[in-house]
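Same chain, two partners: subunit A is paired with subunit B first, then with subunit C.
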Partner chain A sequence: MSSHDFITPAKMARGLGSAKSGTETHIRQRVSAIALIFLVPWFVYSIINAMSGDIVDAQVWAAKPWNAILLILTAGAAFFHMRIGMQVVIEDYIAKTGTKSALLILNSFACIALFVTVALSVLKIWIGAGV
Partner chain B sequence: MATTSRADPRPLSPHLQIWRFHITMAASITHRITGTALYFGSFLITAWIVALATNAEWYSVIESVISAWYGQVILFLWAVAVLYHFANGIRHLLWDGPHIGFDPKTASTVSVFIYLFAVFGAAAIFAATTLL
Partner chain C sequence: MVQLTLPKGSAPKKGKTWPKPQGATNLRQFRIYRYSPEEGGNPRWDTYWVDMDRAGTMILDVLFYIKNNVDPTLAFRRSCREGVCGSCAMNIAGQNTIACTKGFDELPGGVITIAPLPSQPVVKDLIPDLTSFYAQHAYVQPYLKTVTPDPEKEWKQSEEDREELNGLYECILCASCTTSCPSYWWNGDKYLGPAALLQAYRWLIDSRDEATGERLDDLEDPFKLYRCHTIMNCAQVCPKGLNPAKAIAKIKHMMVERVS
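Presenting the complex of A and B:
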């Protein structure tokens, strides 16, 4: 222990528990949940209305600035929340390190790709409408 | 954990078949199932928005899927999953933050209520829209 004389026992043990880390994930999942409490009711109401009309109605709806902003915010909060949720599910059920790592990476890629796809689609409609 | 035998034979967490069924346990499992379902449901919503932005032909294909019976079933289940995960998610926030609704009686009652809210709420949404 002579070389570790200045390191307290707590410092030696920190991060070696079964969880290693996770508090920030826990908090992020709840912060995004709070955002979704406001965004999801708007989204469900709007998307059903938008789907009820034809394509032009839906494009006019998505091109309105407030709708475009809320759509991108909803996508951001939802895909962020989804990514953490699926990460926890994978960590709980997949024991093999290789498979687990591959699925965790795939999950991150999928959620980020979906967000970029939705954001660009909304921007395209918004800019295309020339509002 | 490279080898199959455990070096340190610590007690394992009891598995599903050992737990007695309880409504709060079902509610917890349903939260995870609906969350996973919504994960894959978001792929479909993304497809809808992409079609809206790019291609009228794809959009009309998606429209015909939505109005078909299987599209309606998917939409209804999506609404149930959203409402369930939404309501149970708020409950999780109330548990974690102000510690509301934690005693067993309340937790059981609220679990039943959330199931009813999800199913009847989805039915109400369908009754209120012209999507059907």
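Presenting the complex of A and C:
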């Protein structure tokens, strides 16, 4: 006999009830995906170009206002999108509640930290260039 | 949650090889999943040789051939034997489908494996326990719900509105789609699965139903609905050619419409 004997199928199907949420996350994921459709090709193209010169050329390129703005936007959209995607992966693949919660928190922290790091780096180059 | 190995006692072992029929010229080899709770032990793969000239035309005929001529203990479920009842769903040559409409001409070459629908407890041999599948279907309340008092004769619907139900009402609840879905394998206790959601959508867009909002409320959940990751196995296997993934996308669309 298992601890789940006598639990009715309806009890299982209803579970904790509907969370009445998820649509906002769904919209956020879609909107950030749309932004990335435009930003990622620009980013890849620019990085390949920037790699053809030396580090100073790359810094000059990154210090241009439009490039700096787009770089920060790309990082913002990417880490925002990544946070939602990673959350789904963790929920699907990690069963233990404690480990799962810890990883979900770590995921949020890591995505925010990565964004702040990229944004500050770009700002540093931009401000350092004296624009 | 993901389980990459089968639970203890569930991995099938090599089973018995049954004798070849005498005098047959068109033989084909089938490996069939056998499990009997009374006997205990692990499930096993039994090997059968089938005289394809005498077996009929569909996989269900093969199962009957085996049951009648080789091994009467083989258990499987069937009722209509014409793709209407959904009882005979199983995994044939690696793909979920219904045995009674799967023709020999659609089979790949080599040995054909036949197993019960994946990820569900097995009652016996090819018979899965679909209790939770049915409970999840019941959760979406698959019947007309109204607040307006019943009309004297019937609830009417325009021809255009009736057409909206095409591609949905045909579902025979065979569970091929739901049990082919990795997201359902991992989260089958919380995710409602493609079949239940296709039925949910069938009632959401029914012009006569007045409970659309409540229905959406009951579905709006990161697991019950949003665990669909558009993997599309459901649409690929459905023996009735339906597209549950599309119905789920339309539910998500209704959810967005409601908040924007």
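To be clear about the criterion, the second predicted complex is superposed on the first by the 111 of 131 C-alpha atoms of A that agree within 3 Å, B and C clash if a C-alpha of one lies under 4 Å from a C-alpha of the other, contacts with A are read in each partner's own complex, and residues count from 1 in each chain.
Basically, a residue touches a chain if its C-beta (ideal position, glycine included) is under 8 Å from a C-beta of that chain, and two chains touch if they have at least 3 such contacts.
Quick caveat: nothing in here was measured; it's all calculated off a predicted structure.
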{"item": "Touched partner set for A:44, first subunit B, second subunit C, both or neither", "value": "first"}
{"item": "Touched partner set for A:85, first subunit B, second subunit C, both or neither", "value": "first"}
{"item": "Comparison of subunit B and subunit C by subunit A residues contacted", "value": "B"}
{"item": "Touched partner set for A:13, first subunit B, second subunit C, both or neither", "value": "second"}
{"item": "Partner chain in contact with A:36 - subunit B first, subunit C second, else both or neither", "value": "first"}
{"item": "Subunit B versus subunit C as contact partner of A:63, first or second or both or neither", "value": "neither"}
{"item": "Contacts of A:25 with subunit B and subunit C, given as first, second, both or neither", "value": "second"}
{"item": "Touching partner for A:72 - first (subunit B), second (subunit C), both, neither", "value": "neither"}
{"item": "Doubly contacted residues of subunit A, that is, touched by subunit B and again by subunit C", "value": "95"}
{"item": "Residue ranges of subunit B in contact with subunit A within the complex", "value": "1, 32, 35-36, 38-39, 42-43, 45-46, 48-50, 52-54, 56, 59-60, 63, 66, 79, 82, 86, 89-90, 92-93, 96-97, 125, 129-131"}
{"item": "Touching residues on subunit A, where the partner in the complex is subunit C", "value": "8-10, 12-15, 18-27, 88, 91-95"}
{"item": "Subunit A residues within the subunit B interface of the complex", "value": "30, 33-34, 36-37, 40-41, 44, 47-49, 51-52, 54-55, 58-59, 62, 71, 78-79, 82, 85-86, 89, 95, 97, 114, 117-118, 120-122, 124-125, 128"}
{"item": "Footprint of subunit A on subunit C - complex, ascending", "value": "1-2, 131-132, 134-136, 138-139, 183, 186-187, 189-190, 192, 217-227, 229, 252, 255-256, 258-260"}
